[in-house]
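Below are two complexes that have chain A in common, paired first with chain B and then with chain C.
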Partner chain A sequence: MDSTPIEEVERRGPQALWPRRSPQAREEGTRGALIAAGSTVAVFGFILWVVLTSEAWPKVQRQFFSWFHFKESFPDVASGFWLDIKMFAVAEVLILVIALAVAMIRALRGPAFLPLRIIVVTYIDLIRGIPILLLILLMGFGIPSLALPGVPRSPLFWGVAALVISYSAYTAEVYRAGIESVHESQRMSARSIGLTQGQALRQVIVPQAIRNVIPALLNGFVSLQKDVALVFVLGVREGLREADIYNARTFNYTSYIAAAVLFLLVSVPVARFTDWYTERDRRRKQAMSS
Partner chain B sequence: MRFKTMTAILLALALVAAACGDDDAADGDGGDTGSCEVADLNLVTLDTLTVATGEPAFPPWVSGPDGANFDDPESGTGFEAALVYALAAEMGFTDDQVTWIRSGFDEVIAPGPKDFDFNLQQYSITAAREEVVDFSDPYYTTAQALVAFPDSAVASATSLADLKDAKLGAQIGTTSLDFIEDVIAPTSDAAVYDTNVDAKTALDVGQVDGLVMDLPTAYYVTAVEIEGSVIVAEFETASAAPDEYGLLFADGNSLVGCVNAALSTLRDSGALAALEDEWLVSAGGLVSISG
Partner chain C sequence: MSLKLAIRNVTKSFDGKMVLRDVDLDVRSHEAVCLIGSSGSGKSTLLKCINLLVPIDSGEIVLDGVDIAARGVNPNQVRQNIGIVFQAFNLFPHMNVIDNITLGPRKVHGVNRDEAEERARSLLAGFDLIDKAEAYPGLLSGGEQQRVAIVRALASDPELMLLDEVTSALDPELVAEVLNVIRDLKKGGMTMIIATHEMGFARDVADKVCFLDDGVILEQAPPQDLFNNPQQPRTQQFLQRIIEAGRL
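Take a look at the complex of A and B:
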C-alpha cells in the first residue's frame, strides 16, 4: 500500500479507486464472522422461541402448517400450478414479441410515423393506468358477453390475453429504456453506412438495447409468474385457486403454503439467475472497457 | 393472491404475538354456570348480541324493507336476519341489543379471538370445518339446484349422467361445489367463482352451461337476478350428505349451548318453519334429479 492512488489506478485500472477492506478489517474477519453467526442464531432463535412456545401456536400450526393438509391439498394445487406454468410460458413469449414491436414503433422517427406513435403511446399510457384485475374482468366477462360470432368465450383465453396486453405495455417501456440507453452515435453510424431507419433499429440498436435490459426483463418474468394467478377471478382453476378452494372447504390455510412452495420453486431460481447474469454482464463490460 | 398468502403468514405471527399477551380472560368460560341468562352469557360485548354476516348479504337470506333494497339485516327482513331476531328474543335480548357487523371470509376462519358472537351466511356444517370453528345445530337444510338458460345444453337433463359433459360452475366454499365434484363428477372441472355474482356473470355470457347453488338462492337468482334463467331441477339429497347450514362460533365458545337451546325452542314451537315459509320460496313441482 505504498503507492499513490494514481499509481494504483495505472497498475490496476479504475477499480483501484473503489473502497477496499482495510488490513485491520481482514484481521477482524474471523471474529466478524463469528459475531454475525452468533447474532443471526440469537435473533432468529429468539423469534422462533417466541412463536413456538406461545400458547396459541398449536392452533396456528394446525391451521397454517399442517403436514396432513399439505399432503391433502398438494396434488390439486400442483395440477393447478401446472396450468399457471403453461399460461406463463405462452404469455411471456407473446409479451416479449409484442412489447418489442410496440417499443420499436415508439422509437421510429419522422412525421410519417406520427399516427402510429400516437396509437402506441395511448396504448401504453392507458393500459398501465388500468388495474390488471379490472382488465382481466373486463376482457374475460365483457368481450364474451358481446356474443360476437367467431370470437372465443373461453375465460382462459381472455385471461391470458388481458395479461399479455397489460404486461406488453410495461415491457415496451423496459425496451424503450434499453433503446434510449444506446448512444445516439450508434444510430448515426448505422444510418451513415446506408441502413434504413428500420434496419438501423433492428440490426444495430435493438440487439444492444435488449442486452442492457435483460435484468429488467427477467424481473418482469418473476412478476408475471405470480400474476398469472389473477385469472382465477374468471373461474379458471389455477394453482392459487385450488389452494383457495381447499381453504374454503376445510378452513385450513396450509394449502396456501403448498402453493407458495411451488411459486418459490420457480421464482427463486429466476431471481438467482438474474443476479448471476447481471454480475457476469458487469464483469464483461469492465473487461471490455479496460 | 401471493399477497393473500403473505397476509396469512403475517396474520399468524401477529396472532401469536397477541396470544402471548392477554388472552386468558377472553377465552375463559363465561358460560360455566350453565345459565343462559343474558347477564351470564359469554359475549364479545356485554349485554349485546354481536352477529356477523357477509358483505353484501344477499336475499333471500338478508333483504331490506319493502323489498326495494337488500343487505339491510337491521331491518330483520330475509330469513337469516329474521332468524337472528327470533333467536335473540328467545334468549332474552331486545332488538336494540342486537348489533350487526360484517366479516370477510379470512377473519372468520383465522385462529384466535373473534369480534362476533356468531356469524351466519349459509355456512355448511362439515367435519373438516368443525376442527377449526364451532357450529350450532343446523337451522336450515337445503337441496342443491341446477340453474341454466332454457336453451342450454343442460336444460333438458333428467339424470346425473346427462350432466357429465356439462361445464358447470359454483361459488367457492359451498357445498354446491362439492356436490358437482363428488356427485355429478363432470368430465371438465367445475369453474369456481369468488361470489355468486361472478358465477352469474359467467352463466350470462355463456362460459358455463349451468350453475349449481342452494335451492332458495336458485329461486331468487332465477326470479330476480338473471333474466330468462330457470331452475332446471333440484337434486335429490339422498345421493349426497344433506347440506345443513349452521351458525358459526369461535372454537370452544360456550355460547353455542344457549343458542342451540333457543334454536330448538324455535323449532319445536313451529316458529322456525314459519320463518322458512315467510322468507324462503318453496314452490315445489320441480323436476328432481337423483343419482
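Take a look at the complex of A and C:
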C-alpha cells in the first residue's frame, strides 16, 4: 500500500473503507446478473408458452381476459370501487380509534376496573369467534328489518358498522401486543413521577406501543381494504357488486378481473410500503442499540 | 433535625417468599441513609415500597407524620413528594430530555409548558446537561442518561429522594459523574435513601448505613462504626468479601 487509509477515504470517499472488489468478483457479479435474467426469462417464458398454446386458452381468454368486456364493465366497476375506497377510509379511522380505546381499557389494572375489563374481553372473544360475513348479514339485514325509529336503515351503514366492530376486536389485540411489549419498568417509571394509570398509558406506554405495532397495523389495512367488498352481500353497489351485475348480464367473467385489478392497484403498494417501513424500522432499532 | 420518614414493622412477601421482615428505619431531614447488602437482600423492594410502587403487606410508612401506606391515601400525591431513580435509568425513549423532565410537572402539577421548560433548563444547566436538552435518551451515554433521570426526579421538588443502585448499570468510568451529582444533592440538604454497592461512596456521603440481609435490617450505624467495627457476624462476613473484592 502506498497510501494510508485516511488518504484513501479523502480520495475515494467512504467506500474506501470497504474492501475494493477484485476484477474477478466484479466479473462474477455481472455473470450472476446475466444468469438471473436468463433463468427468469426462460422460466416465465415457458409458463406463458404453455398457457397461451394450450387448447383451452382461447376460451379462457374470451371468458376472463376479454378486452372488450374489460372496457365495457370498467366504468361501473371503477365507480363502485370508489365506494369501496370510501368505506375503507371511514372504517379504518374508526377502527384505529375504537381498537385503541378497547386495548387501553383491557390494559387497566386494579380491581375497580374489573367490570370494564370483563366487557372488553367478552367483546373481543365473541367477535373474533364469529365469521365476519355472518356479522355483516346479521347486522346489515337484521337491524334495518327491526325498523326502529331513529335507527339508520341503510345496509351500507350497517355493513360498514359490522366491519368496524369486527376489525376493532382484532386490531385491539394488535395494540395489546404492543402495550405488552413495552417493558414494565416504563410503567413503573411513569407512575413514580406521579402520573395516574391513565396518564402513564397515554403519555408513556401507548406512544411506544404504537410504534412497535405499526407494521401489524399496516397489515390490517391491506386486509380491510379487500374485506370491504364483503358488503356486496347486502346489495351495496360497490366494486364487486358492479362486477357481479355485469357478469349476471353477460355471463362473462372479465368484470371480476377488472375488480381484481383495482383491488390489486391499492393493496400491492400498501403491502410493499409495509415491508419497506418494517425493514427501515428494524435497521433504525439496530443502529440505536449498537 | 426532625424526623422525615419513619418505617415501622414493614413486611412484604412475593408469592409467599418474605422479602422484607419487620423493617424499622428512621430517616431525619437532610440525612443521607445508605442501604447496603447483597443482591436480593431487599434494598430495592424497600425503596419501591416507600414510594408505593410496591404495596406493603403490613406495617407503617410515616412521611412527615402521615402514614402513607394507610388506606385512602392517594399514591399519586405521595409520589409527588418522593423522587426515585432506578438502576436502569428508565427514561422515556420516545421523548427528548426536556419532555422527559417536564412531563411530571406538566401533567401532575399542571405547570404550563413554558414555565416547566424554563425550570427544567435551569436544572439541566446546574447539572452540566444543558446542551443535551433536545437530545433523545438513546443518543446519550449511560452517565448522562442517569443524570437526566436524577433531574427528572428532582423536577417536582421532592422532599425525599430514593436512589436504587443508580450506578450499577454504568461503565466504570461513568460512575464518578453520577456519584458527584449525588454528593451535590447531599450538600444541598436533600434527604436521601440510597441503595448502593459503592462502599467507598457510602462511607463518604452517608450519615447512616444500614446493612440488609434476607429482608432484615441487621445493623444500622454511622458509616465509620459500621465499616470499621461491624457488630453482626453476617455484616463482618459481607464486608470481608467486599474488601477481598477490592471494593472498600
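In the analysis below, the second predicted complex is superposed on the first by the 261 of 290 C-alpha atoms of A that agree within 3 Å, B and C clash if a C-alpha of one lies under 4 Å from a C-alpha of the other, contacts with A are read in each partner's own complex, and residues count from 1 in each chain.
Here, contacts are C-beta pairs under 8 Å (C-beta built on N, C-alpha and C of every residue); 3 or more make two chains touch, one makes a residue touch a chain.
If you're wondering where the values come from, they're calculated on a predicted model, not measured in any experiment.
Student: Kindly classify A:222 by the partners it touches after superposition: chain B alone (first), chain C alone (second), both, or neither?
Tutor: neither
Student: If we overlay the two complexes on their shared chain A, which of chain B and chain C does A:236 touch? Say first, second, both or neither.
Tutor: first
Student: Going by the touch definition up top, name the partner, chain B or chain C, that contacts more of chain A.
Tutor: Between chain B and chain C, B touches the greater number of residues in chain A.
Student: Give one of first, second, both or neither to describe whether A:203 is in contact with chain B, with chain C, with both, or with none.
Tutor: second
Student: Scan A:195 for contacts with chain B and chain C and give back first, second, both or neither.
Tutor: In the superposition, A:195 contacts chain C only.
Student: Please work out whether A:130 is in contact with chain B alone, chain C alone, both, or neither, and reply first, second, both or neither.
Tutor: Neither partner.
Student: Given the touch rule stated above, what does A:51 touch, chain B (first), chain C (second), both, or neither?
Tutor: It touches chain B, and chain C stays clear.
Student: Between chain B and chain C, whom does A:64 touch in the aligned arrangement: first, second, both, or neither?
Tutor: Only chain B; A:64 stays clear of chain C.
Student: For chain A, give the residues common to its interface with chain B and its interface with chain C.
Tutor: In chain A, nothing is touched by chain B and also by chain C.
Student: For chain B, which residues are in contact with chain A within the complex?
Tutor: Listed in rising order, the residues of chain B that touch chain A are 1-2, 4-5, 8-9, 12-13, 15-17, 19-20, 23, 105, 109-112, 126, 128-129, 131-133, 169, 172-173, 177-178, 189, 191-194, 198-199, 201-202, 204-208, 251.
Student: Help me check something: in the complex, which residues belonging to chain A touch chain B?
Tutor: Touch list, chain A to chain B: 50-51, 54-57, 59-60, 62-64, 141, 144-145, 147, 153-155, 226, 229-230, 232-237, 240-241, 244-245, 247-253, 256-257, 259-260, 263.
Student: Looking at the complex, which residues from chain A come into contact with chain C?
Tutor: Going through chain A, the ones touching chain C are 185-186, 188-196, 199, 203-204, 207-208, 211, 288.
Student: Inside the complex, what are the residues of chain C that reach chain A?
Tutor: Within the complex, chain C touches chain A at residues 48, 51, 53, 75-77, 79-80, 83-84, 86, 88, 90-94, 103-104, 107-109, 138, 152-153, 155-156.
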